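Next, two complexes with chain A in common: one pairs it with chain B, the other with chain C.
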Partner chain A sequence: MAAEKKFAGYICTGCGISERLNVNQLQTVATREGKIAEVKQHARLCAPDGVQLIRDDIAAGATHLMIAGCSRRSKMEVFNFPQVAMSRANLREGVIWARPNAPEHQETTQEMAADYIRMACAELKYLNIASPSAEQKLNKNILVVGGGVTGMTAALEVAAAGYPAHLVCDEGELGGAWKDLYKRVPFRAAASEVPNGRDVDLPLPEEPGIAEMIAQVQANQRITVHLNAHLAKTSGAPGRFAADICNTAGATVTENFGAIIQASDFKPYDAQQLPEFAYGKTPDVVTNFELERLAKAANGAPLKRPSDGKVVESVTFIQCAGQRSEQDGHLPYCSGFCCTESIKQALYFKTQNPDCDTTILFDDLRTPGAAGEDFYRCGQQEMVTFSKGKASAVVKNGAGLTVKFKDLILNEDTELNCDLVVLATGQVPNNGPDPYAQLAVDEAETEEEKEAARRKLEVAPPSILNLDYRQGTDLPQLKHGFVDSHFICFPYETRRTGIYAAGPVRRPMDMKQAMDDAAGAAMKAIQAAESAANSAAVHPRVGDLSYPKFRKEGCTQCKRCTVECPFGAINEDEQKYPVFNESRCRRCGTCMGACPVRVISFENYSIDSVNQQIKAVDIPDEFSEKPRILVLACENDAYPALDMAAQAGIETTPFVRVVPVRCLGSVSLSWITDSLSSGFDGIVLMGCRRDEDYQCHFVRGSAIAAERLSKVGDTLTQLNLEPERIVVHEVAITDLARAPRLLNDMAATIEKIGMSSFKF
Partner chain B sequence: MTAVIATNETILVVGGGISGMTAALEAAETGKQVVLVEQRPYLGGRVTQLYKYFPKLCFPTCGLEINQRRTKQNPNLTILTLAEVTGLTGSAGAYTATITLAPRYVNERCTACGDCATAVEAEFADEYNYGLSKRKGAYLPYRMAHPARYVLDPAIIGTADAEKAKAACKYDAIDLEMREETLELRCGAVIWATGWQPYDAAKIQPYGYDRFPNVITSVEFERLADVNGPTGGKIVRPSDGKEAKKIAFIQCAGSRDRNHLLHCSRICCMASLKQATYVLDAFAEQAEVNVYYIDLRSIDRFEDFYNKVRANQNIKFIKSKPSSIVADKDGNPIVHGVDTEGYNRYAEPHDLVVLAVGMEPAVKKDAFPISVQINREGFIEAAPENGGIFAAGCAADALDVNRSAQHATGAALRAIQVINRVARAEV
Partner chain C sequence: MGDISKNYRLNFLKEVEANVEEGEWVKMCMQCGVCSGSCPLGKFWDHPPQEIFMMIRAGKRDAVLTSNAMWMCTSCYNCIVRCPRELPITHIMHGLAHYAQRLGLAPAHQPTAKFAQLFWNNLMKKGRVNELKLGVKLYFMNGIGEGFKTSLKMKDIGLGMMKTKRMNPMEAIGGHALEDVKGFHAVMQKAQELEDQRLANQRP
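Then we have the complex of A and B:
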């Protein structure tokens, strides 16, 4: 923004601020030291007249506002002026609520407030009003990868919202892994008027609806289907993805997209890995997927034993076959759909022959929800036998089969003869290679490591997306080969902005869930395309117009930013300079924290905007007994925890000066070294938990910061400072008592080891 | 008077829990106009009352902080709290909703300074803590409440406390003249996200929830375990404040049961495994946890969590639906039943029993303001007959938080499809 900055300052005197603090002195600090010429006091700035005062100033040309009063988290909806830059000094939660109201504390409390005013003024000077990059226009096309039920549903949902979709299917016909279904598990529970009792009208297996879905897709004007096709290359970013869609005949078309949905579904588990159940040794042991084909072929006629065509009079379903097991080659997870699937298949037999013995051997029967439990009840009503038992072997017994199992109810080993065995096998996510496996090959330092990484990659499946990204070709995976998902609060968040996973590639699921999931992914894809058109960030910094700017002339091509970006947003050009992709960026600032030469910053969050706050703090001399502790706190968890601690009346040492950061990953080591050399006595970093399942929407920021900080020891040694002066803590938003205690502990540590000698 | 501008391109979201918030935000962040109606005085619903989430054991307020920040900044979103949809007429693309707003007696000038709460005296059972603690008659519903605005309990209106609260407020934020209001607004699509309520445990007579203080529900146990809850996170039993080191979790309490709820509530197995970690963490070697279950439903990737928890020596799983609970003279609940694995009778004393109660839809079958397809258990089924009304989250089925957010995101799209059709028709 070339336009001139016009500053305005406000100090709210409400909520006890004027009773506890000398506001006139604070105003003087803001004008004299903060260099904000016009600073107004208001008794209740958040009231309509206060807000109007600010609005009038904006109308009169104010572009930069310093608001001192409550925490930046409070009254956010009132102090919401997207057209200007704003800093907020936290005098209420950060100062008066965190400090006891007693004359002996007055001096340090006032100093705290004065520093927050200085910091807010300093920050403001270095904030710029973010402006849209206009790097991409509105592209309403959505790319859906996968021609199964999930992909078709996603395409139909996208189209129903008025957006065009391209559906890329790697097979010659649509339908995917579920196209051979004879019937599907009912989507609904018993109807409202059905009584609670036995022999009532419960939903039965229903038509699968796949042929109809295929017909709908084919007839839809907004959907373009690419059969026998795969993505040879996908490049760009939300709003300007370019995909080379290549078919088996070798023809390639390049289409542009606003966003992408990966709905590549699953592959049936390979039952060859279950020799104990005689799979492959006799055709009379089939998987649940194979049984669907038999049932479809029989089309209502009695199902026959594959080996000799005898009508099946007894069938045993072995649940969790090759699942929920740590055994080599087995799936450690539960596939979620197999219990209701087996009930459905047992009903195939019961429908054409009520006398057919159908036994389901299960450990835990998992039929959740209203529809699930009604379907279980339906199975019981139709006289399917449910037996809690663990199968150990299937052996041939004349023309039939014997299933050996442990009956868990009678607590004894027993066996069962039957004509047919159905193995309830699970879903294996149909995903591309782990992108970080490719990276491990590229970046291996020794030939040995490279070879090991290469071997791992050799067994990896082929790429599905073929992303032309510096951080690999496909979506990152979380566990067991399923693609990434935040997993609790924000199920669609992936580490590749604008590319949303839907269906069993994300977690195991049944058809109904996959269809619901497709709708959600379609929502996110549309939103990503629309946001990209406005140059606005998506979740969690929704609407943020800033994006990383970098000074190429200072860049040393060290590649740290391109490696550490949690979202794979940064590519490299031929000379290994970073190439930022604004709409792939989530504005966490990890690149800024990674950059050793400080050439990356955001308009509304920069090396300077924090550094100047640090420098603005008034540092009393070594003999003052007033240490200064810099706290860099995650704005989503640690900062709110401190706010709420103050709200609860929990006391914090007056020597801290807290700076909220977007993520600990954004913390530049220069902030640490500069604060030490400007006389801070201690530094506390507060980020989120860092363990195997990442917790945060910004993925690994906290872990990265801890790693970087582990290398700061040298700096401390050079400065002849004790290592205890810097600590990194994992702080949760619920740590109301603990967070202030950690700060008080640092104050106690400084009291013990003494003040820093770097006070000038 | 509350004024809300809405058109037939507006999406109405009924319910401001995690599902409603998610649906409202996803739609608003796609540029749609959304009105979010919440019955409680704050957003977040039952998620606000949870201590931790499974399977990561992280804190719900963390995600809530993000969602609240999203709502505070979004110009497309209008939030009405203490509000209920009492009427709904019309069809897809053209609905009229009647909304009844209960008086908060506190206006938007409230700064959440807390002076009113200090001034008043009468105390009431705190519903946020399921009555496990008291709150004042002027109160912030819970620490992170959004809107961050106090509420006056209607019971103090007309008493001296109301006047004291008003006198204490420096910001003209207390308005004792507030009355119930009704407003009508137009909307093109409705997302019904009214969520769930815990099944009334007192109805399960053999378990004695209404007779034994040391038999509590899973939702109450969440509050007990919360470090910021009524006991400061100390797991103690209600009768005598003694540490509850030996705890029974009874699964399917009132669920999968012809006498109670027929359905499986999906979350309870995982919730009890999660709550078991509270006990195992708090008392380490001294902890003793018994989980009485029919089927352990740690579906899909949750299996990892089940494996992790059951690796602990101090937790036992007993396949059994207990037949009854009695209390001994010290108030210890004794769980009776038969372990169906081997058919052994047991009579096991515990310090505390936690009933894993099921989820029932918050809106009764006959209480919907407009006809929608409802199943036997009272959940809304997706159906073309529902027109422009789409259920999200636990109004549609018993779902966990992740699946609620997933489902609500899809519901937002379905509402947008209707709105976009309206918009196209008007072009």
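Then we have the complex of A and C:
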């Protein structure tokens, strides 16, 4: 950190800024009010000579730059000076493009620009240069938990990239849930554009390739396999994880890792919960997993009925058995692999005996994966009978079975006889206990909720990672026990930085998809280990060197930060003071927003750096008819949405002053109270969607903020202000038209309820 | 429901594949229902194409072959154009109709079937369609009473056609023919022999 701050200001006059604004007046604002001694104008600051101008100043000792011009989201690669602190005033997207070019709007537009200059100057005073903490060194070892196809693929991918991998497998041999495969669902689609024949070259079941994969893992010099092993304890953070790998013989080795991949795959659904299909009552009703073992044992010979050894001449597959159903004990979701699995297994019978009657009773036939629809056509080509029907019961009928079902095409209750019934059962994620299960019990509001939460706690599975974290032993879950991850944008990121989930533990999937997943997670793990070595953040603030610091003497040990951190980054010491683990941190600032005594801050983002921006805004008096609306906009979605709206020429009220925040979770209530008491007439908070289908880049930040702000009504009442003055909106990056409208709505609201009387 | 031991057995599907023109496509139907939704006359049928295909796979031999569905097809080809699996649905429907007729299972007094037979008989005589005779036969298809009624109703059109020389009353006696009627009959007889032979070999 530089001992002395040396400020430099730049105002770009390009992109129409000088035509629309009085730049000289802005320069005066920056020097007189912003207290930046030297402010330069440049006709096109992003051009090489403009950038050179800045570089020269840095070389001459400038440590803090205020750049006024385009949005902070534009020209990031050009205005990239990691060695200095920087603030940017958004004159282009934030002002001139968001306002119509007409003489009657000139005054308010100029005021807007002047305020953004004041804000950028004020912010700059409170920024420090973030520097790497060097808290951890480069550790290239990657830990892979799970010896199934996903885990083996991850280890192989890690090794292929030149990094050593440790593979921890809780069984005596590798292979996992898919090791009993006789054949696998094809990894390819049909050749495309074959003249006159789209049904030629349809994909057929393939050799499973598991034994070869196991051999590859065992032969790989960079992979260390731990069989019959589990993790007794995992502590540390990315770059310095320490894992106690314990085997069944009781021997424990401790290894250090840069990052972790959890590839614990899935457990087959327990079909004992399907008595209506006679599972357990007759050996002739088997699950898809059991059939695979029968097929492997037969190894090409005709498949026989388990009860009496008769060669199977007719077989019925019941899809969605115990799945896609809200019934107690059933899986509410689609496991996504069972349709193609059943087609594959039906072809086992057809290959043996083309006259074998094979019927697949499906509700919706879904064929995700590499082979997709082509594999369905392959099944049809081989005369597998696909019938849209809902099975209700399987009963014994002499030596055979009768399946009762409703044919949904012919709309009739019917039945068919067969020798064997195969239940297409689903995948249950093989995950550890929900780390927030205890919290759910503690925080349950009704007795009913408490009871449900307690039941969940009782049946919790044993831990897989045994994390030594304040917030529990395993990866947080979203729904149905699957690991929580940002489903669309960052699928492998979990809520524990540096620990990546791959394969069916993340969402149900087939083998090929699990292998692709493993490759993705392996790359992310390597990236996390490398970033940790540089003290840099991983997604979404990739490369950010700042990390939260706290003033211990001010801390009241309230534990809010340690409880609310979405990523479990903060531990507690014996005296219940927070212990920050920098490389676990995603730099969202949720801890900063949580802290009631405001002792947590980042070098380049703090309570003061925002508060000073709020205070820098010039507030016209109550009778000016110029209200001021503070907008705290999430920098990930809401702020770019406003930028893009301006680019699209959508008009925004001139009374808003937008402050980008890292996440709504970082919003301190002190900003709200301070802005109200300094005369702002309205406050709009814009964060991301926060329900089960959340879009928050920091998973819980938006939800936590909404929770905190639900209590802000009291503050307003104390100040004798109307509750409408504060609104929280969920804004997506695509809300170009909506985001400005929400701001204009607030302006209209204020016009209706009148100006705030807190203007001094 | 009948004999459930035959439900969802492949026997009938295989019979259709062997005997029905384009029948080998039936198994490729994915039951999306686009054909049924596209058929302009679908609501007048016992079973739209999608249902017929499912019935074949469910082994409902009698219900399929006695259905009026395939007789109601007007060959508009909407279903063929729209089928995402590119099944020749219209052709399959006609193939099924033909097969049902061959087996004598087509619904009795089915007007389309009757007319098709009249047309065939008419054509076979001289190798040319005698429109006058075909029209008269069609009017009297369902009995003398209805025949006279229809004839009277259509008399103005008939007279008009004669006036404009669109219809020749002399066609009622003999009518025009191919140059080599004998040769035509020989060709048709040979074709019938070949077809009979093929069917005799195929019957399960």
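Details
In this section, the second predicted complex is superposed on the first by the 701 of 760 C-alpha atoms of A that agree within 3 Å, B and C clash if a C-alpha of one lies under 4 Å from a C-alpha of the other, contacts with A are read in each partner's own complex, and residues count from 1 in each chain.
Note that a contact is a pair of C-beta atoms (placed from the backbone, for glycine too) under 8 Å apart; a residue touches a chain by one contact, two chains touch by 3 or more.
All values reported here derive from a predicted model rather than from experimental measurement.
Superposition note: with chain A as the common reference, chain B and chain C are in steric clash.
In the superposition on chain A, contact of A:Glu33 is made with neither chain B nor chain C. In the superposition on chain A, contact is made by A:Ile409 with both chain B and chain C. Applying the stated contact rule after C-alpha superposition, one finds that A:Asp674 touches neither chain B nor chain C. Judged by the touch definition given at the top, the superposed model places A:Glu572 against neither chain B nor chain C.
Once the two complexes are overlaid on the shared chain, A:Thr359 sits against chain C while remaining clear of chain B.
By the touch criterion defined above, A:Gly14 reaches chain B but does not reach chain C. In the superposition on chain A, contact is made by A:Gln380 with chain C only, not with chain B.
Of the residues of chain A, those at positions 365, 377, 388, 409-410 touch chain B in one of the two structures and chain C in the other. By the touch criterion stated above, chain C contacts chain A in their complex at residues 1, 4-5, 7-10, 13, 27-28, 30-31, 50-51, 54-55, 57-58, 85-86. Contact residues of chain B toward chain A in the complex are 18, 26, 29-31, 51, 53, 55-56, 58-59, 61-63, 65-67, 69-75, 109, 111-113, 143-144, 147-148, 170-172, 226-228, 256, 258, 262-266, 295-304, 307, 319, 340-343, 365, 373-377, 379, 381-382, 397-399, 401-403, 405-407, 409-414, 416-417, 420-421, 424. Residue ranges of chain A in contact with chain B, taken from their complex: 14-16, 44, 46-48, 70, 73-77, 80, 157, 160-162, 187-194, 196-197, 324, 332-336, 362, 364-374, 377, 388, 408-411, 479-480, 482, 487-492, 507-509, 513, 516-520, 522-524, 526-527, 530-531, 538-540, 542-543, 636-637, 640, 644, 647-648, 688-689, 693, 695, 697, 732-734, 736-737.
Of all residues in chain A, only 198-199, 314, 355, 357, 359, 365, 376-377, 380-381, 383, 385-388, 402, 407, 409-410, 412, 414-417 touch chain C in the complex they form.
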